[in-house]
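Structure first, then comments.
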């Protein structure tokens, strides 16, 4: 079985948000990590490899420094890695990104494609299903569990208040939730091999034969950013430091009455 | 010497740090409080390959260099001194002598299991009457006609004591009398497996620091060892032990370095938050100068520790490198943790704030695997010979 | 085909088990604002099996038209038949704007359909407006009017971006549940109902549903609450949440919490407010013992009145609170509960 896992390098917005003195985001100071949902997807693939035997390829589109997360994937146990990087692919929205990744996937053999549900920088959850759409594959989003049954996968598909057990014939695409599993640690020896033994395949625009110029990069993106800014927080209201709890309580009671809450 | 870390060492550090933060740190207080060996953490380390870092791949290890191993002990010790020493004793004091002195059969038999973490290792040299002066040792191994050995005696203060599966035991195998009529004991090294008849555990020591590391007394009563339990040449036990301790001291130096760094990290966090006289104590010049001094000293220790790791990789003998790294790192750990407790004020004395534990954990690094005095003897001995 | 052929604001009226989801009404509410600016009306797209009866309810909440695709293959949500149906509606009726809820269904259906009809999609929007793109006139760039401007948080709520889709139609967005306001129900109001056969064809992309397991929901939906009494790490223990429950009961509110509380196992996850929990906008939000991490604030800052009680004077929650009280919640909350009880009794 051949599994391709699509991963993305993202700034660590969950644990390591850094601010400039003026309150704006300090992106340069934020660690670049493997997107957590993608890492869960990689772990799911590696478990299928452990259990059933599989070749696991990781694929990313990004800046040349995205090499780091591919090495990390090697150190966790991935077999092959592809970096799609080219200046002309930059500024892509989810349509252009999914078109580009789908074109790269057409160069690869796969039975199963796993992506993370969403990336913590964009939070869109769109690229996975859109890749499936470009490749005309069945898609199962929000996977909380994945099993193989012959030529099919059986997936626990999570909704807000329920889950469905779904069966789909391979090849198909699954988007993974970070709740899916606890990703394994890299091993020290895996890290050494990732740098000393393994090779990352690098593809530029010319390697993506199936990609139409109209569907890539900034120009090929239907959505355009009109404005982007670091969030301006709602201004602070009143803050009082009163001597006794009784005074604090009357203060709150006063406000609740004034605002007709009680 | 160039100490810019390459990408793979940077990534290894990220791994060790992440593991330490996620797995070891949450249990550090509890491990200290309950004095219970952190078995679960050890199992997780085994799974992640941390118990065979500098072991060649053909023996099931990770195939990394001593520097990577040192960084692992350092990062673990930043959050939990106990976890750091477990890895150090296992790797430096048990795996390393088997790899260095073992026969191919012994290596095949033990190293893959130790490197994968299926087995945990320990090292037994110290005895109640023999610490710095090994000549006081009483544990005897008497060779039998069929080549096997009969061992009697006891060892004390053994790290990973009851938790290990394989022990390197140093025992007296011969007493020679020199021309002046003085008796001189000769030692041999043995590989002893847990469960060998006649091998039992004595007292569990209650300690000031690294309280979860399972420090036990080992007791040998008419313990029979097969001929192939002998590690290295008969009568070479003392040089084997000394060379093993050279490696071990690099591990302890890394542990001490980590403890000092961990305390400084906590100190920086705390002094930025804690307000006195209307401003954070990090804004007081006294704090600033102390933090600068501690950091500088820690960086100096780091250079010595990493240099020792490099020396172990490239040199046959590295006693002086190991001794100066351990001496300086251990004294740095003690000085820094004491200073940090002081900067924490009253909270420094409170267990929930971690730094008093770090101070207690630091002390033993000046003592075990050769006291600071022994390190000074090693260093001056080389200079004055 | 010109973009001007695309007309009208369409919303996907999500139903599960033949019950309309709240997001359907929220989308109609927002859709009406947009339609007013554009001089058009709001059409709800209702997909399912045996669901035609729901059309009236959509009308009562403000939908002008309801397109109903009633097909046995739409009984339970699955990506492919739903995508086929919505795509067929878009291709046939050519909406200018297509809004979908950013739910576990919408975030699967939206991207699939937008890729199928080759248009852009903006995810998880928290604000929608009609305006010009580019926002300001620019030399040499045609400024288009009456564009859908879609605003959404990114970087875990730390940045906010406004996005347009000037050259493709429909302009599609998924919209975060709980953010847009539904209109008051107008009993008896009717929508024009249009039956439509989407000609769904079974293909290799259908999946098989083997089992459906519903989780038992015992707690109230915090997104519907008018008053939330929310506790954080500072509450100290599971047991101490009793103080907040008492206050909630006295004032007629519901208890919610921060992520730390869920991680400590003090409260279940469905009470969690914030980036990884729910977005709420009650009339009154009590933040008690909540430090106010940015991820939490992202989920509650739209509340009408925020009252914070925290013993740490520097807690960031005070930066968003309308009324902040520095003090010990263990002393303040019980007394507040008593006084509210007294006030309520006096009023009754």
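We call the chains A, B and C, going by the order they appear; numbering starts again at 1 in every chain.
Criterion: a contact is a pair of C-beta atoms (placed from the backbone, for glycine too) under 8 Å apart; a residue touches a chain by one contact, two chains touch by 3 or more.
Every value quoted in this text rests on a predicted model; they were computed, and no experiment measured them.
Student: What chain sits nearest the middle when you go by CA atom centres?
Tutor: Of all chains shown, the one whose C-alpha centre lies nearest the global C-alpha mean is A.
Student: Can you identify which chains form the pair with the largest number of contacting C-beta pairs?
Tutor: A-C
Student: How many angstrom between the C-alpha centroids of chain C and chain A?
Tutor: Distance between chain centres: 22 Å.
Student: How far is the middle of chain A from the middle of chain B, if each middle is the mean of its Cα atoms, in Å?
Tutor: Chain centres of chain A and chain B, defined by C-alpha means, are spaced 41 Å apart.
Student: Go ahead and note the Å separation of the Cα centroids belonging to chain B and chain C.
Tutor: 56
Student: Which positions in chain A are in touch with at least two other chains?
Tutor: In chain A, no residue touches two or more other chains.
Student: Within the complex, which stretch of chain A touches chain C?
Tutor: Contact set of chain A toward chain C: 11, 13-14, 17, 25, 93-95, 98, 120-130, 132-134, 136-142, 154, 158-169, 172, 221-231, 233-242, 245-246, 248-249, 251-253, 255-257, 259, 261-262.
Student: Give the list of chain B residues in touch with chain A in this complex.
Tutor: Interface residues on the chain B side: 6-8, 11-12, 15, 18-19, 47-50, 53, 57, 61-64, 68, 72.
Student: Tell me, which parts of chain C touch chain A in their complex?
Tutor: By the definition above, chain C touches chain A via 16, 76-80, 103-105, 107-108, 110-112, 114-116, 118-124, 133-135, 149, 153-168, 204-215, 217, 227, 251, 283-284, 294-295, 297, 301, 305-307, 309, 313, 318-328, 331-332, 335-336, 339-340, 343-344, 347.
Student: Report the residues of chain A in contact with chain B in the complex, numbered from low to high.
Tutor: Listed in rising order, the residues are 68, 71-72, 75, 184-192, 194-196.
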